[in-house]
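Per-chain numbering from 1; labels A, B, C, D and E assigned in written order.
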Amino acid sequence: MADLPMTFPQILIHNAKKFPPTKAAIREKDYGIWQSYSWQDYLDQVRDFALGLAALGFKRDDKMAIIGDNRPQLYWGLAACQCLGGVPVPLYQDAIHKELHYIVDHSECRFALAEDQEQTDKLMHLKDEIPRLEYIIYDDPRGLRNYKHDWLIAFTDVQEMGRKFGKENPDYFMDSVNSVKPDDLSIIAYTSGTTGNPKGVMLTHRKIADCSRGFLAWDNLGENEEVMAYLPMAWIGDHIFSYGQALCAGFTVNCPESTATVAHDQKEIGPTHIFAPPRIWENILTQVMIKIEDSAWIKQKAFHYFMKVANRVEKRRISNQPVPLKDRILYQIGRFIIYAPLVDNLGMRKIKVAYTAGEAIGPEIFEFYRSLGINLKQLYGMTESSAYVSMQKDGDIDSETVGPPAPGVQVKISEKGEVLYKSPGNFLGYYKNPEATAETLEDGWLHSGDAGYMTERGHLKIIDRAKDVSKLKDGTMFAPKYIENKLKFSPFIKEAVAHGMDREYVAVFIDIDYGAVANWAERRHIAFTSYTDLAQKPQIYDLIYDEILRVNKSLSEDPKLKNSQIKRYLLLHKELNPDDGEITRTRKVRRRFIAEKYGKLIEALYTEGQESVHVEATFTYEDGRTTTMRANLRIRDVETY
Amino acid sequence: MFYRECGNFKDSYASDMAIFPIPLDRWGFTVMLFLAFVVIPLFASEYLITNIIIPFYCFALSAFGLNILAGYAGQISIGHAAFMAVGAYSSFILYGRYGIPLIPSILGAGVVTAAVGTFFGLPSLRIKGFYLAIATLASQFIIEWVIVHVEWISGGVFGTIQAPEMYIFGWPINTAVRKYFLALCMMVVFMTFGKNLVRGQMGRNWMAIRDIDYAAEIIGVNLYRDKLIAFAVSTFYAGIAGALLCFCYVGAANIEEFNVMTSFALMGMIIIGGLGTVLGSFFGAGFFVTLPILINHSLAAFMDVVPSDILSNIEAIIFGGLIVLFLIVEPYGMARLWHTIKDKLRLWPFPY
Amino acid sequence: MNEKPEPLLRAEDIHISFGGLKALDGVSLEIYPGELMAIIGPNGAGKTTMLNILNGFYKPDKGRIIFEGKERPRHMKPNHVAAQGIARTFQNLALFTGMSVLGNIMIGRTMMMHSNLFSQALYWRFSQKEEIEHREAVEKIIDFLQIENIRKTPASMLPYGLRKRVELARALASEPKLLLLDEPMAGMNLEEKEDIARFVLDANEELGYTIALIEHDMGVVMDICDRIVVLDFGKKIAEGTPEEIKANPEVIRAYLGTAGG
Amino acid sequence: MGRKLMYTFFALVLTLSLVAFTGQAQAAKEKKKEGPTQFVGILAYRTGPFAAGGSGFSSGMEDYMELINMEGGINGVKYVFEECETAYNTARGVECYNRFKDKMIFVHPLSTGITYALIPKATKDHIVVISSGYGRADASDGRVFPWVFPLPTNYWSQNTAKIKWIAKQEGWDGKDMSTIGKYLKGLKIANLHIDVPYGQETKPILNAMAKKFGFKVRHFPVPWPGIDQKAQWMDIVRRFKADWVINRNWGVSCTVPLKEAARLGFPRNRILGVWWCGSEEDVLPAGPAAKGYYSTNWHGVGRNFPVIQRIIDKVYGKMKGHISFTRVGSVYYNRGVYAGIINTEAIRTAQKKFGNRPLTGDEFRWAMEHLNITAERIKELGAEGFMQPLKFSCADHEGGGKVFFQQWDGQKWVMTGETMEPMKDFVRKMIEKSAEKYAKEQGIKIRDCSKVD
Amino acid sequence: MTFFFEVLVNGLMTGIMYSLVGLGFALIFKASDVFNMAQGAMSLFASLALYGFLEQYMHLPLWLALLCTVAVMTIWAYAIVFVVLKPLVNRPPLMLFMATFGVTYLMEGIGQSIYGTQAKGLNLGIPDNTYEVAGIFISSFDLFFTAVAAVLVVGLVWFFQKTRNGRALRAVSDDHEAALCVGIPLLKAWTITWIVAGVVATVAGVAWGTRLGVQYSLSFIALKALPVLIIGGIDSITGVIIAGLIVGAGENLGEVFIGPYVGGGIQTFFPYLLALLVLYFKPYGLFGKEIIERV
């Protein structure tokens, strides 16, 4: 590894030399086709933009906020920023004003790169409030013609300036690239966390590169991979995957046309490598289930039958048991009739390796994909560790664990049961937040905040957030995440929040999957007007009831969890929304916040005999407007086994 | 179900606009070509080649010609068989009487037919729909009459010209397989040309005229020119097909071959096959050329049981019944049915 | 108002009647380069008839049309008018339902495509190159109107609102000097109206097209247009900026007196 | 969707069963082989506008073959025959021919169009084309058309016989050709013909004769299918004021003239039909209007012939007939029987030379050229009065049969008993000229008949 | 000159016979937008059935045979509407046209299977005498059918104007959707139309059948009616009658006075030339409903 370039600017230059112009570095679906750029194009674009930035006065260690959907230009901007020794600060594109304000202000950004008018507008609001923000650069000029400001510049104009600047200062670019050192900051990734303000995780070139290479080596990934870049650039997963790994391996990153067309674009590209949080996998599964329910009777039968076969086979394969001949034959038939076409339709036919990361995934969901023949594996990591802690190895899969520690990672479990680790990707600290850094990083050991243990196979098993794992009043272990994930296997349940800490029994909030349930309701001619209305239909309660019953049954089979069966539930009147702070941008439930906000509901769940509860809710629209609605939520009891 | 489209992406407009953008279709097409160029000549019986496949190719070509006119440009013509006759006679005259080489003769026949067709297309500039359709019958009857009455064309009172021996560069086209290759090559070449036309600007203009003619004109489509071009191209195909049919199959140009019933059958081919599709021309031709023969073959088994008179009528009943049945199953033609099945397979196991 | 440049199109004293009914009675109007003007009026005021005359679909009984300083010959066919650079959309949708959206928009470029029949049949080289060139141009329009995801959908399967948008795309594809829009927002919900209004405005301001539109929705017209011509019973009753029109008593009377819109 | 699915399923089943039947049919055909057999492929048309003719002819021929088989075959060789429906369509006819061509040695194309199409093919495939009473007139020239036999007389010959017959009706003695012109001179003959090549075929011979004998002929084309002939008839009767009308039509257009003539008061006994306009089907629909109408023929009508009686006894006695019994003895039926006799006699002739076994096309052709059906033989066959003696040669493929004349008495066809010898020399010259022209066009080497055995 | 008038008068009377066939087309087209290719086959089948009832299988009196024939045609009408057309409701007219093409095969096949292929004489005892009026010969047969056609037209007009069913049919033909809105069942309307068309076909079949004999060629009379249709306007009953007269007179005059100069036999296409001439000035026929394009 020593002779390999360790800073991303150098890796980029290296790639541009190494790979022929016919090999695509990055593609973007635009104007109906996949516009491809070679590594040389990549470098040229980056250089022009970097020089343009330099012309605008971008200095070493300057920060640049980057916000928008995955566009090549944004990746180029990120790289250009690094080339000048600056630090990119990617932001969640759906972040609301308050969050953006905090991060941009906190990270002291002088520059910002926005994708389009929407993002530019957000940044322009900030500019009034944060004078430090000097320039806003936008990629897509549509709708921006009336904005006439010196500090608002088009991406291509910056590049034009860069070309001019480059002519005048021919050595400037290489000089600044060479001045970037592996241990310089390469990115500040803000994690929203489930509590408090976002914290800026400082990572260096070396860390990102090491971890990226570690991943590549683990799965033997090479330059011929195709990946889809559609996850938020602010998420460390995307950064490692679409930027770190892509540059280190030289494989191709594909940017979809728009968020609406991801599934279609993915099918076209046929990625060989996927990295996605569980919610993506859940969503896809939900879509599959909806479509199957809409399909002809005979197809439904076939699907369910063969999925059962596949599940059986996969269970045996995971546990390394021989598969009976009959099942093997059935599996092959199923592969022809169902699995292969299904996988192809999902755009996953060419997948070599797929990861679910960022959250625990429900074992049923996990097994669903694996049983289709997709090599889905679990990965455990955090922004603070450059996502690099542990992951499953081919042939050594366990649906309940996240695999053995990755090479170069040490893991230990604290007395309190918290997972601590030392990873080459461990961060330098939180930006401008030494207290938090000190809390998390102790002697090089990173406190993950997750409760877990090592299994006999040497796999790390994560139970839940350490602070969330608790006991019911009767002393039964209560791991809300575990129950919620089980619930989320249902296509009708989008989110669930389980309660039970120090209570007599477990009760849950259910956030229904509006699309799936609406579809289900329409097929049964159930009229409804809105999410709230739909959620309170008795038929929907029945529908969810069955799903909970299923979970209860499965829980009852585990003696340790038998008592944590769900006793009561209610369907929420609104979807849990990161804009309202109920979940994070990566869709982690912010338990404490919910407990505060919906305390009344929780109390109702634990008040015997109470069958409904009145709520008043404030909705926040995209543009920040709010409106209040009132509703009576039903509460239902569930049988337990 | 069989389609594997994952990873089939287009990074240039050229590949996006290819005739077969889906890999499996490309494969299927290659297999069909292999069948047509290798398997059939090697393994099919002479009977099959001469009686079913050659006429099938010729009628497919002719049906495609009519499809250009009726299916793409929306100008229904039910006098199309007459144009095949023009092609047949003119190719025989060019080749047999004037000694022009075979291929140029056939092409020349196409050009002659196109000229005649354009002339008969003139009413389309004013008349539309069924009125035009019926008016095109005029071309059928006038051409028939001219061929029968002008001895220079029909070669005397017999009204029939025998096919001369065929040579291409001195190489005799005298066996079934050689004739087959002549028909096949012409068919493939012109089908390709035709497909290119209908997917290009001309095809779009035609479809625009078919869908809403005034809007097309307002957008800048030259209605008159493009309608006449449709007639010219369409009848060009009819001419080529007529020439091939007579050269490679019937062996004589005979006006009775191309009577109004053949015209109706051609119309039937494109409707049953699928209007405005290339594939439909093949399906339709297959339906109308092979099905009666197939039924006839099948019924031969009952000759001892059922009186022959009734048997022959049963053939008509089955054929008519199948037409109705196919229309009920898929009014937009077999090509649409094929596409529906294909789409289902592409999305399998999903419904959409 | 005083320093108006030479009008792009001038219609002078247009008369037309259908079976004794005077649809237009001596209407004159000008369209200036780069402007976004609207023709409004109650139902049956002769707005669509005016448009039909402007793009050559109807021949006026009397009157002249001068486009780019040249008088239009009386019997000019609509396709020749289109070739001069006048494109339009239709009140009652006139999409080619047998084609995909892409095909529909490509049709808009028919006048710019010159490869002959033979090279089209061969496709290879020249014709393919031409197709690709125009496809690129069309893709820009598709991007502009944000209809990427329906590119290959058959036009017959589109909902109403999108059809209107595709029609606009088709008209834009011909890169007209003058774009006539016949009630581009008719029958749409508020959101769709806003979308279309934005596109029309963008086409005018960003792409620089000269646009004349007919619209029922006074609100939208007042918001986006530079200049308004009001027709009533085949006569021009007012002309001016939105503010002037709003204050014009004739207009108020016409609107209150009839449709009340 | 459900309904559609059902229909699709139904269509599939139907198509599949069709395919399955095809297989069965093939299998069934294989089974029939017992003893030496002679295969006969029949191009029939039992549907379409001319179904009456086609069904009668094919059935007559099949019944005769059935009779031969019942009587032990031709020296032990039995007929095996199969039918193929052409619907009077040339392309389908060619298909039928190709279906049978590997097995059969002769073919009755039964349509002028199909005959034209088959001549070059059959020549190449060595299959004899017997176009009895139709097809190319100039094919009588065996030097140019070795494989075609338009027996017993072609259209041109037939027309010369017609003119002779007309002359006879006008008072000519029917023997002395030198005086015939006197009776024909100034006569107005209308040639009412269907306007397709078949109908046009006799225009040259009529023109030639008109020139030679001094009568006036005008051709009145009737457009296909000829259901409306008012205009022609008003022209014939009112303007042209014809003395005689030759009815050279086909199918429904044979019938209409009788009605029109009746309407305009034109005597039916001055209309003389071609033999394809001389069947019961042509006159019955005209009802009483047809009474008195003459037509030509080349064989007897009715059942009063031993050969027909034998068929009735043996074939219909065993319920093996191929057509409804009422039609036995009708014109088209007898025409089929006639064809059957010719086929059988030719096979017998060949067997004498080549042995009692199934024949090849070449052998059959040799037999045709050496076929000599004498009056004695006709008597042996039980066909006295049914047919005329025929003798073929290398050059003469016509056989030289005389033309019969028959008249419709309102109920049935009555043989007038007159027979007319065609003007052989006159026709022969034209035939040779036409055939030689054809040979030149097609690059056919003309056979030298003096060198053929 | 007498000759001219004779040709003209006879032509006009032929024209009436064409109108008879054309009427069936027009009726069906008007009510269901179907261009019924099977009209000729319907006439054939009707005449075959009539012959069957009269002579071949039964020996019914004429009135009863006619009644039975109409009953048979009614069965056909039901079969066609419910088996063929119902699944094809709201399909493009071309598909329906093709379906009737299939029906043609069915009818011909079934008809000839039952009644045989040979031509049959149909004698209804209609006198076929010729009368001379001012030097013009007129057949009583033609006169009879001229009268029948006239009665039929009057009957149809009465049916459409005065009866409830007839008015419903007119509503359907004017606007399918509107008719559905006011509660006129489309299928019922279609069935009635097809029955009426069957009756018209029967009359045409009898008229032509007695002239030509009952045989396959009867189905060709449909071809003769086509130019009549487009001259008159496909959906106009008046148009069909008048156009029939024009075509009848035109083709006969053409054949007699122009034919000899060009070689004759121009009857087949002469009406089409007439049609083209008419359509040049009136693209929707003389009385056809013009389709106005709204932009």
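Just so we're on the same page, a contact is a pair of C-beta atoms (placed from the backbone, for glycine too) under 8 Å apart; a residue touches a chain by one contact, two chains touch by 3 or more.
Since we're looking at a predicted model, the values are computed, not measured.
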Least step count from chain B to chain C, where 1 means the two chains touch: 1
Contact-richer chain pair (by C-beta pairs counted) among B-D and A-C: B-D
Chain closest to the assembly centre - both centres taken as Cα means: B
Rounded Å distance between chain A and chain E, as computed from the means of their C-alpha atoms: 74
Centre-to-centre distance between chain E and chain B (centres being mean Cα positions), rounded to whole Å: 32
Inter-chain centre distance, chain A versus chain B - centres from mean C-alpha coordinates, in Å: 56
Mean-CA-position distance for chain E and chain C (Å): 48
Junction residues of chain E, two or more chains touched: 87, 108-109, 112, 116-117, 263, 265-266, 268, 295
Contacts with two or more other chains, residues of chain A listed in rising order: 32, 296
Per-residue multi-chain contacts in chain D, two or more chains: 46-47, 51, 55, 195, 221, 223-224, 324
Residues of chain A defined as touching chain B within the complex: 24, 27, 32-36, 226, 267-270, 288, 291-292, 294-296, 299, 302-303, 336-338, 340-350
Chain C-touching residues of chain B, taken from the complex the two chains share: 13-14, 16-17, 193-194, 196-197, 200-202, 204-205, 207-208, 210-212, 214-223, 229, 233, 276
In the complex with chain D, residue positions of chain B that touch it: 46-47, 50-52, 55, 96, 141, 144-145, 148-149, 154-160, 162-165, 245, 249-252, 254-257, 259, 261, 292-301, 303, 307-309, 311-313, 315-316, 318, 322, 325-326, 328-330, 337
Contacting residues of chain A [partner chain C, same complex]: 30-32, 142-143, 145-146, 257-258, 260-261, 264
Residues of chain D that touch chain E when the two form their complex: 3, 46-49, 51-52, 55-56, 195, 219-225, 227-228, 230-232, 234-235, 238-239, 251-252, 255-256, 259, 262-265, 280-282, 284-287, 289, 324, 327
